[in-house]
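A short write-up of the structure that comes next.
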Amino acid sequence: MAETFIALMAQGAQMLLVLLVAPALAGLTRMVKARLMRRQGPPLMQGYRDLLKLVRKEAVVADNASWLFRASPYVIFALTWVAAALVPTFASGLMFNWAADVVALVAIAGAARALLALAGMDIGTSFGGLGSSREMMISSLAEPAMLLVVLTMALVAGTTRLPAVADFFIAQPLAIRVSLALAFVSLVIVALAENARIPVDNPATHLELTMVHEAMVLEYSGRHLAMIEAAGQLKMVLYISLMVCLFVPYGMAPADAGVAAWVLGGAFYVGKLAVAAAALGVWEVSIAKMRVFRVSEFLGVAFIFAFLAILLSFLTQEVLH
Amino acid sequence: MDQSAYAVIIIPFASAVLLALLPGYRATARLNVLAAFATFLAGLRFLAVDRGVDQWFIVDDVNIVFIVLNTLVGFTAALFSASYIGHEIETGRVTVGAVRFYHAMYQVMMGSMNLALLANNIGLMWVGLELATLITVVMVGLYRTPEAIEAAWKYFILGSVGISLAFFGTILTYLAGQGALGEGVGAMSWSLLYANAAHLDVSLLNLAFVFLLVGYGTKVGLAPMHAWLPDAHSEGPTPISAVLSGLLLNVALYALLRFKMLIAANPAAMRPGPILIVMGLVSLIFAAFMLYRRRDIKRLFAYSSIEHMGLITFAFGLGGPLANFAGLLHMTMHSLTKSAIFYTVGHVAQAKGTQRIADIKGLSASHPGLAIGLGLGVLAICGLPPFGVFMSEFLILTTTFARHPWLALLPAFGLVVAFGALLLRLQSMLFGEPNEPNHEVKASSIPFALHLIIVLIAGLYLPGALVAWFQRAAALLG
Amino acid sequence: MNHAYDVSHFLAGLMLVASFALLYQDRVLAVLRTFALQAIILSLAVAWEAWAQDRPHLFITAALALGLKGIIIPLALHRMIARLGIHRDVEKVVGVGFTMLIGLGLTALSLLLILKATAAAPALAREGLAIALAIILLGLLMMITRRNAVTQIIGFMSIENGLILGATGARGMPLVVEISVAFSVLIALFVFAVFVFRIRERFDTVDVEALEQVRGDK
């Protein structure tokens, strides 16, 4: 009984952790970018303040908006939060880990994206349609690459359940694996595309014609916008957690460790998130945004890398066994 | 291993160095002929040398045939080249500067071909063949016209791809032998591989043979990898066409045959015979039909080379002592006859100032000597008695008929088709009113006459020693 | 052994990625840089084999690959391109996406082929050969689908890179062969350099398409 309670608390703690850390992560990236450009930039906590501000504001909705427009933000937020909460962060044996299957997570994220695209088209503005169609083009190229990465992990680790994959890699001796390296690069490219980061999309742009993600949410305001912003930040946490869990899971507490191990695992996890966010900031400052037509080539590279990762891991397995 | 065997390699390379240093065209031309003659004498030495094997080189009945033939044609081609290039310089078709390294490259080519023929180490054989290929590529582009450059480029691309695939096949062969022979230089020697053929890894050997067939087959000119051949023959200088047809194709075939012997000696591996038969027939019939549409005289005879190499490959694919003997005989006869034809054609082209068949008319009136030469050469290559080509073609057809009667129809059909095309073109060139221009040509008829006399004699009477020698080689070929 | 295999597999995989990168580029200078990168990776791979298989003479091959193909040849070609004013763009016969897909197919094909045929060979040789054949086929693909003469040269050189990789994987292949491969690369470059000059004399472009006035049916 006490054990179930502790397990439930642990899972709840993970859910809260990802929720609370999301705006800070986005803020960290913003701060790193600003400091690198020799600006002061908004402080780290600004993300929380922005969300609070938005929640308190009135939500202005267009006359011809349907129920979809009003319901989407909440559903999208819920889906993304569920997906982010399922990825193992500080421990790999939490209560709902039977549900933490990578393919399921990809599907959930896909559902959220589809809803967002629909909501973008709902009002009928041209920019909304522009953003939705671009988003769909990008995701139609990114999804296959993502699934191939998942397949690589499944081939190497023998399972698609994230906690099992994490445990598998923690138990492995340190080794150079080129297929994992290629899968990692592919996942990074996919993550950049899905999270609307440079070079695929500029999150800070004000020019509608260059927008992809922002164009879809142009019509949102108030609490709806707060939900969507939070969902976007959670999506970034989701992808970074995924990368961390799949490729650098060291420091994660095993299934039945005590609270102390969990706290330590949590500290490791937050540290890795911070490193990733800072690296993202550095990256965004160094690279220019691509033309939309080149994005397909860029994602094609991700696909090729993921495919090569599979071929090479297949080769290794055949040759060594 | 008899030390004098190395002379055929050392003489050409040494003279190449000398020729590269000398200026002036006439001196180098004479020196070239001298070096080729010395190499020929060294080649004749092989008739009396002991068979032997060491880690790098091998002398056995098979490659002695090739070496003697190689050095002979190399010598006569050098003779022909001496007079031909002089005319080209006079007419301004090529500059003295461009010719400067021509003779040196000629000797390097001969040396590397002999290296490939003598090599026991399969890697060394590959090196010799690649070197010879690259040198001929440069020489094909000698005239620097757009067509010559394109021909040389095409030759280079196709040749290099072939050479790369052949090298991959060589690596695979080495790996196939690792179980039985271990590692190191010794494991790459053909004689050891052949001795242990039954213990080689079968799947690796099969894969290796496929790569080697495609790779070296490109250099033999087997369809569908023949595309470089017509261009290289027609756009390069005629001595090079003669050398390509008479020599390089043979050396590539030799390499192919070595590996065919290897895989044939392993009972579990795939049979190389049927594949060689099919490729040979395809080349033969394809080239025979292509002869009808040729409008350039050198291209015409280039396709004739493809056709005959197809026939030779067919014969070797058939296997068995009689077919192998016929194949060896036909290869010899073809080399001699085809190079003789090119010697004549070269002078015809110089006399008329063009290579277009439509512009060459009435040779029997304007240049009777050349007309006789061309006529005899074409009649010889068509397979008319009493020339030697008739003898070898007859042998091939009868062997095929004895073993697979229906199969014999195909090469016979191809030969008849080719016969028709060549006679048609010959007729239009020899007879009729001569047209302008008509240049004077200082033709040396020695190379041509020498070759044709040998072919004629072979058609009438094959000395017993020669027959015995070829039979020994045929027996080895399996 | 596993450690040794991991590193050589890693380097071979990187070479394969470099081959794909060669197919991806659409500027000649970028192609040169990528080729230099592939040569450097090759020299690392060969050096690692030299250390792992305890065959010090392979270090010479590694040095040759680095010096010749990693530095000298790209520099020479760079100079040639600058001097002759060659087209900086690579024109393609088929689009990049389609070429890459064909490349993936060829890679899968070569893996399957070699794995089936070499069931009895040691692991390192199998892996080296499989990737080598893939690199060779990709180099062939590059030669076929690019119109620029310089990229055809680079395609051929990447084929030779693949061959050297395969040869080092095969245990015990003697030094003579390796030096010969390097030597013939030099000859090949000489030949090509001469050609590019002559092509430039005759045409204003190194576009191979311009060479196609002479077809085979005269």
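Read from first to last, the chains carry the letters A, B and C; within each, the first residue is number 1.
What we mean here is this: a contact is a pair of C-beta atoms (placed from the backbone, for glycine too) under 8 Å apart; a residue touches a chain by one contact, two chains touch by 3 or more.
The shown structure was predicted, so the numbers you read here are calculated from the model rather than taken from an experiment.
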>> Closest chain to the overall C-alpha centroid, by per-chain C-alpha centroid: which is it?
In response: C
>> Looking at contacts between chains, which pair has the highest count of C-beta pairs?
In response: B-C
> Quick one: chain B and chain C, Cα centre-to-centre, how many Å?
Replying inline: 30
>> Taking the mean of the CA coordinates per chain, how far is chain A from chain C in Å?
In response: 38
> Using CA atom averages as chain centres, what separation in Å is found between chain A and chain B?
Replying inline: 66
> Mind pulling the chain B residues that touch 2 or more other chains?
Replying inline: none
> Tell me, which parts of chain B touch chain C in their complex?
Replying inline: 121, 123-124, 126-127, 130-131, 134, 137-138, 141, 144-147, 149-153, 156-157, 160-161, 164-165, 167-168, 171-172, 174-175, 178-179, 182-185, 187-188, 201, 203-204, 206-207, 227, 230-231, 234-235, 293-296, 299
> Where on chain C is chain A touching in the complex?
Replying inline: 2-3, 5-7, 9-10, 12-14, 16-17, 20, 24, 96-97, 100, 103-104, 107-108, 111, 115, 123, 126-127, 130-131
>> Touching residues of chain A toward chain C in the complex: what are they?
In response: 175-179, 181-182, 296-297, 300-301, 304-305, 307-308, 311-312, 314-316, 318-320
>> Which residues of chain C touch chain B once you look at their complex with the stated criterion?
In response: 113-114, 116-121, 125, 129, 132-133, 136, 140, 143, 149, 152, 156, 159-160, 163, 166-167, 170-174, 176-177, 180-181, 184, 187-188, 191-192, 194-195, 198-199, 201-203, 208, 211-214, 216-218
